[in-house]
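Shared chain: chain A. Partners: chain B in the first complex, chain C in the second.
Here is the complex of A and B:
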C-alpha cells in the first residue's frame, strides 16, 4: 500500500475540509471561491464552485453529521451553506466584526461554530429558531488578532491562539443551545466569554488543538516551538519543544500520545509522548534509503547540468524543487479517519497540492514512525 | 464597539524571572573576571559555557547587555577555527540558542565577522533553522 497520494488541485490552497464520508473535499484556492471536488476513482473531479464571498476565503469547515459547510473570509463575513436539491444555498451570518475573519470551526455537536477574527475577538454563532438567523456572541479579551480556535470535546470550552503571544481557554457555553453545564477542571460555573486559562508563548500562536480526551492542549508558535500543556490539573504543566526547522502552522492529534505538526518546513512532523514527555520523533515525508542514495550521484548531477545547459541555457544546476512532496508551506491538516487513533490524514499547501498520508503504510516502511 | 482603537497596541509580555539591574551588573562583572582568567590561562573552551550561562535578557539596561556581549565575543574569537565544530557538538540546545543570539549581535557590529561566520555555519548545522527563527522572534534579547 502506498504511503501517500498526491493531487494537484489548484495553484495554491489556503484551507480544506472533508465531508462526513470523505467522498468530497472543499478547498479555497486562495480566492473568494470555494471549490468542491469529488473523489472519482483515483482522481478528484471538480463538482461545484461556491461564489458568495467578496474577498479571500481564509477558512472552511464541513460538519460531518449535519452536512453543512461554514466559510469565513477576509470580507468580514461568514456563510453557512446548506445542501438542498443538489445545490449549496448560502445563509449570511452576522458576525459584527470590523476586520477579517481568520478561522472557523464547527463545535463537536455541530450546533455552534466559532469564528476567529482580526477584530481581536471570537464570534461564537448559533442558530436561533425564532428569528431563523445565525446569531453571534463575542468573546473579547484578546489584545490582537485571533489566529486559531479549537473546540473541546465537551462542546463548551474553546481554546484560542492569538498574535498577542498568548493561548487562552474560554467558556463558550450558551444557555439556549447547550442544555447542561459540563463538569470541567476549570470549575462548575462557566460564564460565556470568561477567560479560564492564559498561557504565554514566545511568538504568534499559529496552531492550537485539544487532544482527543481534552486533557492536553498543544499550541505552536512562531518562534519555531511547540508547547503541550496538561490541563487535567490546574495549574497546567507546560512542556516546550523547540523545533529544528521553521514554525508550525497547524496541528493534528493522531492519538492521545501522537501529534503531527505541519508548517513552513513543507514536511509533516511527528511528535510523541513517552510517559508524559513530549519529543520530536521524525519527519513524515522521508525519502527511502535507495532513492536518497541514487539522487546524489556525480553522474546524475553531470547529466542534469548538461540537460539544463541544452534546454535552458543555464550555466549551473539551480534546482528549486524541494525534496519533500509539498513544494511550499503546508497550511492545513485534517484527519480522514475517526476513532481513537487516526490512521489517515490529509495536508494541503501553498503549492496547491492535496496529499493524503497513510500511517499504516508509513509505519511499515519506516520503523521510527510507530503511532502509539 | 468600545475598543475600536486603530492605533498600535502596547503588548505587555510578562517577563518572568527578571533580576534587578544591580544583580545583573555584579553577575556580568563576575563573569568577566572568570572568563578573563580562563582566556589568559589558554582555556578558551572552558570559558564558553560560563560566558553563555544565564544571559542578562530581562534587563532594560542596554549597557549591561553590551558588556556581556563583549565577554561572549571575546571567547568566540579566542577559540581557534579548527576547534569550533567540536565545541559546538558539546553544547546543549539551550546554549546553542543563546550562542546564535550572540553571533547575530556580534555580526551586527561588523568587526569580528570572519570568525563569527564560521561559528554561524557550525551552529546552523547543529541546531537548524529553528535557532535562527528564535533569534528573530524572541523578545528577550541579549
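Here is the complex of A and C:
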C-alpha cells in the first residue's frame, strides 16, 4: 500500500474540507469560488462550482452528519450551503462583522459554527427557525485579528488563536441552542463570551486544536514553536516544543498522544508525548534511502549543469523542485478516518496539491513513525 | 526575531557568511499569509507598507558588513528588503545611482521590485503573499541573493570599463599634442 496519494487540483489551494463519507472534497482555489470534487476511482472529478462570494474564500468546513457546507470569505460574509435536489443552495448568515472572516468551524453537534474575523471578534452562529437564517453572537475581548478557532468536544468551549500573540479559551454556550451546561474544569457557570483562559505565545498564533478528549490544547505560533497546554487541571501546565524549521500553520491530533503539524516547511511533522512530555519525532514526508542514492551520478549532474547553462544562463546546478511532495506551504490538514486513532489524513498547500497520507503504510516503511 | 546588526566571523569566505546570514533571515521572513486589512473592510494591503497595526509587524533587522547593509522588514503578509550597495569611490556612487534608476524604472517587469528605495538605501524589494503563492519561496530568496552578488560584480565591471575608456580617450586626445 502506498504511503501517500497526490492530486493536483488547482494552481493554489487555500483550504479544503471532506464530506461525511469522504467521497467528496470542497476546496477553495485561492479565489472567490468553492470547487466540489467527487472521487471517482483514483482521480477527482469536478462536480460543482459554488459562486456567491465576492472575494477570496478563506475557510470552508463541511458538517459530516447534517451535510452542510459553511464558507467564509474576506468579503466579511459567510454562507451555509444545503444540498437540495442535486444542487447546493446558499443560506444567509448574519455575521455582523465589518472586516474579513478568517476561519470557520462547525461545532461537534453541528448546530452552531464559529467564524473568526479581522474585526477582532468571533461570531458564533446558530440557526433561527422563524426567519430561516443564521444569526450570530459575538465574542469580543481580542486585541487583534482572530486567526483560528477550534471547538471542544463538549460543544460549548472554544479556543481561539489571534495575531495579538495570545491563545484564549471562551465559553460559547448559547442557551437557545445548547440544552444543558456541561461540567468543565473551568467551572459550572459559563456565560457566553466569557474568557476562561488566556495563554501567551511569542508570535502570531496560527494553529489551535483541542485533543480528542478535550484535556489538551495545542497551539502553534509564528516563532516556530508549538505549545501544548494541559487544561485538565487549572492552572494549566504548558510545554513548549521549539521547531527546527519554519512555523506551523495547522494542527491535527492523530490520537491523544500523537500530533501532526503542517506549515511552511512543506512537510508534515509528527510530535508525540511520552508520559506527558511532548517532543518532535520525525518528518512524515521522507525519501526512502534507495530513492535518494540513485538520484545523483556524475554524468547526470554534468548534463544538468550544461542544460541549465544553455537554457537559463545559470552557472551552477540549482534544483527548482523541492524534495518534499508539497512544493509550497501546506495550508490545511484534515482527518479522513474518525475514531480513537486517525489512520489517514489529507493536506493541501499553496502548490495546488491535495495529498492523502496513510499512516499504516508510513509506519511499515519507516520504523520511527509509530502512532500511539 | 531580535533587531540589531550581525557581523560575520573573520577568515575566508566573508562574503559567503554575509550572504548565508541574509539567506537564513529571508527564508524565515518570507513566511507570509493572505491577510485581510484590519483597518479598512474588504481591503487587502501589504502591512509592511501600511504599518497600520504594530502587532502585525516583525522587528526590522539590519545585516551589515562594513559599508554594505541590508534592511529586512517583515510583517504578516509582506516583506520589504532594502539593500545598500558598497560604493568605494565617487564614480561608483554615480554608477550605482544610474544602475538602480535603470532597474526601478522597469519595476513592473521585475514583479518584486519597489519603485522607490527606502530612505538610506539604494534599492528595495517588496514581496507579498501573492508572490509567495505563485512562485517558489526558495527561488525568490535565491533571486535576491543572486541579485546582490551580481550588482557588486556589475558595478565594479562598469567602473573598470569607464576607467579603461577614459584612459583610451585621453590617449587619443593627447596624441595630438605629442
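Definition applied: the second predicted complex is superposed on the first by the 360 of 372 C-alpha atoms of A that agree within 3 Å, B and C clash if a C-alpha of one lies under 4 Å from a C-alpha of the other, contacts with A are read in each partner's own complex, and residues count from 1 in each chain.
Just so we're on the same page, contacts are C-beta pairs under 8 Å (C-beta built on N, C-alpha and C of every residue); 3 or more make two chains touch, one makes a residue touch a chain.
Remember, predicted model here, so these are calculated numbers, not experimental data.
Peer 1: Scan A:145 for contacts with chain B and chain C and give back first, second, both or neither.
Peer 2: second
Peer 1: Touch test for A:14: chain B only (first), chain C only (second), both, or neither?
Peer 2: Touch partner of A:14: chain C, not chain B.
Peer 1: Can A:334 be said to touch chain B (first), chain C (second), both, or neither?
Peer 2: neither
Peer 1: Given the touch rule stated above, what does A:202 touch, chain B (first), chain C (second), both, or neither?
Peer 2: Only chain B is touched by A:202; chain C is not.
Peer 1: Examine A:225 and indicate which partner it touches, taking first as chain B and second as chain C; both and neither are also allowed.
Peer 2: Only chain B is touched by A:225; chain C is not.
Peer 1: Tell me the contact category for A:165 with respect to chain B and chain C: first, second, both or neither.
Peer 2: both
Peer 1: Touch check for A:243: first (chain B), second (chain C), both, or neither?
Peer 2: In the superposition, A:243 touches chain B alone.
Peer 1: In the overlay, answer first, second, both or neither for which of chain B and chain C A:102 touches.
Peer 2: It touches chain C, and chain B stays clear.
Peer 1: More residues of chain A in touch with chain C or with chain B?
Peer 2: Per-residue touch count on chain A favours C.
Peer 1: Once the shared chain is lined up, is A:322 touching chain B (first), chain C (second), both, or neither of them?
Peer 2: The second partner, chain C, only.
Peer 1: Could you give the residue numbers on chain A that contact chain B in one complex and chain C in the other?
Peer 2: Overlap of chain B and chain C footprints on chain A: residues 98, 120, 143-144, 164-165, 222, 224, 246-247.
Peer 1: Residue numbers of chain A touching chain C in their complex, please.
Peer 2: Where chain A meets chain C, its residues are 11-12, 14, 30, 54-56, 58, 74-76, 98-100, 102, 118, 120, 143-145, 163-165, 204, 206, 222, 224, 246-247, 249, 263-264, 318, 320, 322, 327-329, 350.
Peer 1: Within the complex, which stretch of chain B touches chain A?
Peer 2: Within the complex, chain B contacts chain A at residues 1, 3-4, 9, 11, 13-14, 93, 97, 127-130, 133-134, 137-139.
Peer 1: For chain A, which residues count as touching chain B in their complex?
Peer 2: 98, 120, 140, 143-144, 164-165, 200, 202-203, 222-225, 242-247
Peer 1: Could you list, by residue number, the parts of chain C that touch chain A in their complex?
Peer 2: 27-28, 31, 33-38, 41-42, 44, 53, 55-56, 76, 132-134, 136-139, 142
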